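Before any comments, here is the structure.
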């Protein structure tokens, strides 16, 4: 049986991506590659690469050349649609999120947001944790009672300017 | 000058807490203790203790005895209001959050939610990361270009039941 | 140490109840009774009694007499505030709910609502399951991998009128 | 008269499904099969199968092979669109739901959510009922005053971590 | 046992009424009068009187004198608060309504709104049914299969002006 | 001039109907039939038939055969799209409604909802008026000061279960 | 250079109009006619004609014949789509409006709504100003400090029914 | 009977006014003055004065002196609360408005907003009608078929800057 | 490699623009021109030109001729779609904005809105800063600690009319 | 006449401030000081000081000592309520803002947000303008056609991390 991956065009969140991103997802599935494998090919982390696939991060043209070659798709199409000239509009999906996995992250903000803030305030002073100068990673931690997901945000502290 | 800490009762998020939690915040400020110091006194992590101060986690009566003693407030008041019989209603503050620090966490969900999900799906299969069986920590990572906040969620992976 | 239970008046969902309901919660805590024990005293199910405590179901005056006697509070206060003349306005708390336990029930609707509907349609035809002529129960099912909650809605099927 | 089932592509909730799911619904109608019959063919419960038809649960490729064979549609199309590589985004339809049947379930959360929570808290302690490790079933209970729908959620209790 | 009716001041929808309206509800309960009995005393329909109790219709000072006398409360208080000078702001309660009875009326608009509109369009032309020049009544219709509520809106047709 | 009715596909509420429902509206216009005429042909009320045209009620296959014949369209198309296998998702249009006619009905709920509820409570006890076992009718009442619309909801009273 | 007017089909508010209304706008632009010129041709006011172009008012078939002739488009198309059988659904665009001009009107309601209401109450009694039996006009008033827009709503006062 | 006007403090929109504004309303009622009479005393229009009573416009201290004297209240209280130093936050009441009179104005924006905009565009070019440099008036126009409200907004046209 | 720029038609905010605006973006990318270069060619500021590209400002036909010539696209298409007859509907994208850059601007309003208002009130009196007669500019300010964006709004002060 | 400034406690945005902030506003009014004068006394900019008055920026204890001395209020009260231990929750007022001045700023984001973003993207690359490391100023620019407000945001550019 010959299976050709198709990204469902009416289904969230694919429906709101540039069309070449759907091509990227289809080619990734057909090649059987993981985000980690693609990330290693271009010297990046898997979460960042996934973000770029979902149009939430921006590949350089050089990245697009490498990724296109790896996935066997024409680089010109990718560069034409999401190359240097493209201005990504970030923030994807309904709010509050309806998907249970993404909702759990949102619930973490609802339940622990004030606590995280109070501890940051205590340790760093009045400011924020940058979500722009921030690295996000997802690791698998084996555990006999059930494996655990370790999700880390490593972001620069930015104190409030006083002027 | 003798200063007595007062928690502003009309101001977010204090306005929606049980009154004894405002007493806890005031006593903590007057004693000059950090969440970490309180946490060590009862054998817990500082983020969890902060969550309990914001009525987002539930102290045992034993915890309340220790915390009350440490802060110099009557334990009976605390146990009477937020002791075993109390059923906490979690989730505090406006959504989307308007505070910049808490908004950044929310933005992390908006921008990286699908990517985190896709990587978890690739590494663990179809399921979620528990926000109930989850440890949250905030660490300070010194960095010459500016200190960084390392925020970690360590939650159990839960695969979807099929039945 | 003499502890007197207090219901926090600014905290959800207590803040929106008639004041006598707060008295009921306080008396229940001080007597150390469960909803099941109160339910047995008046010949009802524990979920229904809890609903009446949260002002989501309506006690008869006779119920209020029995409950007041059991809890040691004046029946006249209860009947004066939530007796026969009182018209309950049901539906309590924010929507979508922010509390994780209640959100999970809501997520059940988001994720399985169409499926439950399709199966009811297949088995009963075009109609609904009544939430008015409906019994709700919560049972504990021991399980070596972790106890389970069995939540049951037993509601009358109502076919759509055609006229 | 030869009737060929068509799923209306602009109509809720079909409009937001992957296209192959519309094919599944059409083939099911043309074969005259119930969800229960399909479920038995793949060793699952009918509500779960309905959830998978509505793109709210994920078939394995093996499931898709069996279902495709049963329904007489090409498995390659199904696997290409919603096979292993597909990451489902769950949560379907408007909130609050406008459909009366689904609204009744939502109303159950609005009216009985706090009560269910209080009883779970009393019987299990501070935690939640999992909607991930949860089985949902719909049974028909004959009743002379009108048949009843018995809807059961059987979910694992998860206590809040303290750390 | 001497019972004195009290209107719960934090509970919907009483919390948003002028205080004298709470006095009216309490006096009505203490006198044991129905809306219909009050309505007959002032020559009005019971639904209209209930609307005035909920601050959704406006009594004349003469009405207030009669109602105050009937209920045994000082007319000066009522006239001082909701007399001629008072400008009622109509529209009470959350939207969509969370109370099941009121939600059902709202559901009638969601489900049958377009149909009612199409039939009015067919019978009267392009225009609306006035909700200002409109009489609302609620009647009980005995029925062996269960009594029925007959709710009638009798409103003037207003054709769209063309100019 | 030969005019062929066309239902505008981008325009509310037609945009969200199954395509065959647009065909029904077009055929009805071309035949010059009223809902009442169609209703008489199948032994139903005009409001119910309009609801079925707007995909808010469900025709039986027998109904669809009769309506198709009357309107001169192929029954197989109608049965294929909205026949027995189709599960209608009710609730159509924006909320709150923006159309003035439908808004007036909604305003009736906003302004008179609590009053209607209080009178039903007084006459029937604690329960609701069913919107499922409910007949809706629209009559024209001639009046020298301007014709009136008499809109009636005749729904079964359902008392709250106590269990 | 030969320019043919095109109405942008994805752009607000054109995207939600019946397609023939887009044709009307294009023909008007190509003919270089103002709303006032069209209005004079059919004996109406320019604001009303603009409302009909935006599908917010309903032309008679006779109006459509005249307008079609004036604009040089086939009347059959217009009558087929928005003729007598068409039931307009009014209320166009997002709320609150995002367009600055329309937002200013909305701001007038936010800021002066209560004041306008209080003055109407004082001059007319308890009732409303009809938006159905209402004429709307826009006039240009030259002014040395900058021309002024005079926007007038002339609507019938409707007193609240008492029954 | 001695009646003293009281402004209901929980009732919209009075609940959100500075307390001295409630005093102004009470004094106006007790003096039996209309907005027009107050307006003449300070050389303003009645709608503007009503706006100032609802805290939507700002009296000068001189205005406050005159109004206080006319109404017999201490000017110092008024100047202390809403004098020169006070920064009014305009925009009062729920959106969309639930009160029928105010909703009608809002409906005017929903239904005629695009048309008013298109006519202004045609007559003035690309710009807006100012709601800041704008006079609002309400006049009573007698009419044998029922008196009419003539509501006029007279606002400066502001063309869009191009830079 | 020959790359042809394509604007992604499902991706925000391009999805809601007139189609010729997508052509403008594509031509700009293919020509490798900046907004500043285009702005200089027509004697405007780059932010204003970008606004016109996003359909938030309106080119004159003369502007469109120049821009079309510069970008090598047919002027007739541009004038046909967004020429003089076109009435732009401004306000683009979700609110609150989900894109981090645009959210930061919105956060500026949330956090500093009242302060900016209070200072304007102190310096100018009661009024607003026009967003219509307003110039917006973006400058790059080199800084050894990281370059800075200087965003300036230069808008006319408009005092509130009193009438 | 002796006038004592009072901040209206039910009125936006004062209602949500810590109580000592209301004291600050009252003392400022009674002393007749501008934000600029207070700012100079503590070596800050007036917009920042206004932000601190609205609880949107955080004074150091030293600032509070200086401000309290200048305004003649006890420093202990200010430090007790909004001193070092206080964790400000920023973001004040309804969204979208209803006040015309603040709305205009919000409108700037709606209308020019994408354009500002595109120009920043062109000049700086993919990143944001910080609203944390940002100075905000308001200047009065005299102009014969009407004075202008020059509002400047000077924020650090932050490029997106790639990892």
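By letter and in written order, the chains are A, B, C, D, E, F, G, H, I and J; residue numbering begins at 1 in each of them.
The rule is simple: a residue touches a chain if its C-beta (ideal position, glycine included) is under 8 Å from a C-beta of that chain, and two chains touch if they have at least 3 such contacts.
Chain labels with UniProt names: A, B, C, D, E, F, G, H, I, J = Cyanate hydratase.
Quick caveat, the model's predicted, so the values are computed rather than measured.
Counting only chains that touch, the fewest steps needed to get from chain B to chain H is 2. Simply put, chain C must spin 180° to overlay its Cα atoms on chain F, rounded in steps of 5. Repeated interface: H-I and one of C-F, C-E or B-I share more than half of their contact pairs by residue number, and that pair is C-F. Measuring from the averaged C-alpha position of chain C to that of chain D gives a distance of 26 Å. Computed centre separation for the pair chain E/chain G is 34 angstrom, with centres defined by C-alpha atoms.
With each centre defined as the average position of its C-alpha atoms, the distance from chain A to chain D rounds to 28 Å. In chain A, the residues that reach two or more other chains under the touch definition are 13, 48, 90-93, 95-100, 103, 107, 110-111, 117-118, 127-128, 130-132, 134, 136, 158. Applying the touch definition to all chain combinations yields A-B, A-C, A-D, A-I, A-J, B-C, B-D, B-I, B-J, C-D, C-E, C-F, D-E, D-F, E-F, E-G, E-H, F-G, F-H, G-H, G-I, G-J, H-I, H-J, I-J.
Chain F contributes residues 1-13, 25, 28-29, 93-94, 97-100, 103 to its touches with chain G in the complex.
Interface of chain H with chain J (complex): residues 15-20, 55, 75-77, 79-83, 85-86, 89-92, 95, 131-132.
Remark: chain B residues 13, 34-36, 46-48, 50-51, 53-54, 56, 90-93, 95-97, 99-102, 104-120, 122-124, 127-131, 134, 136, 138, 140-141, 143, 145-158 touch chain A in the complex. Of all residues in chain D, only 44-45, 48, 57-58, 87-88, 117-118, 121, 126-128, 130, 132-136, 158-163 touch chain B in the complex they form.
Of all residues in chain H, those touching chain F in their complex are 96, 98, 100, 103, 107, 110-111.
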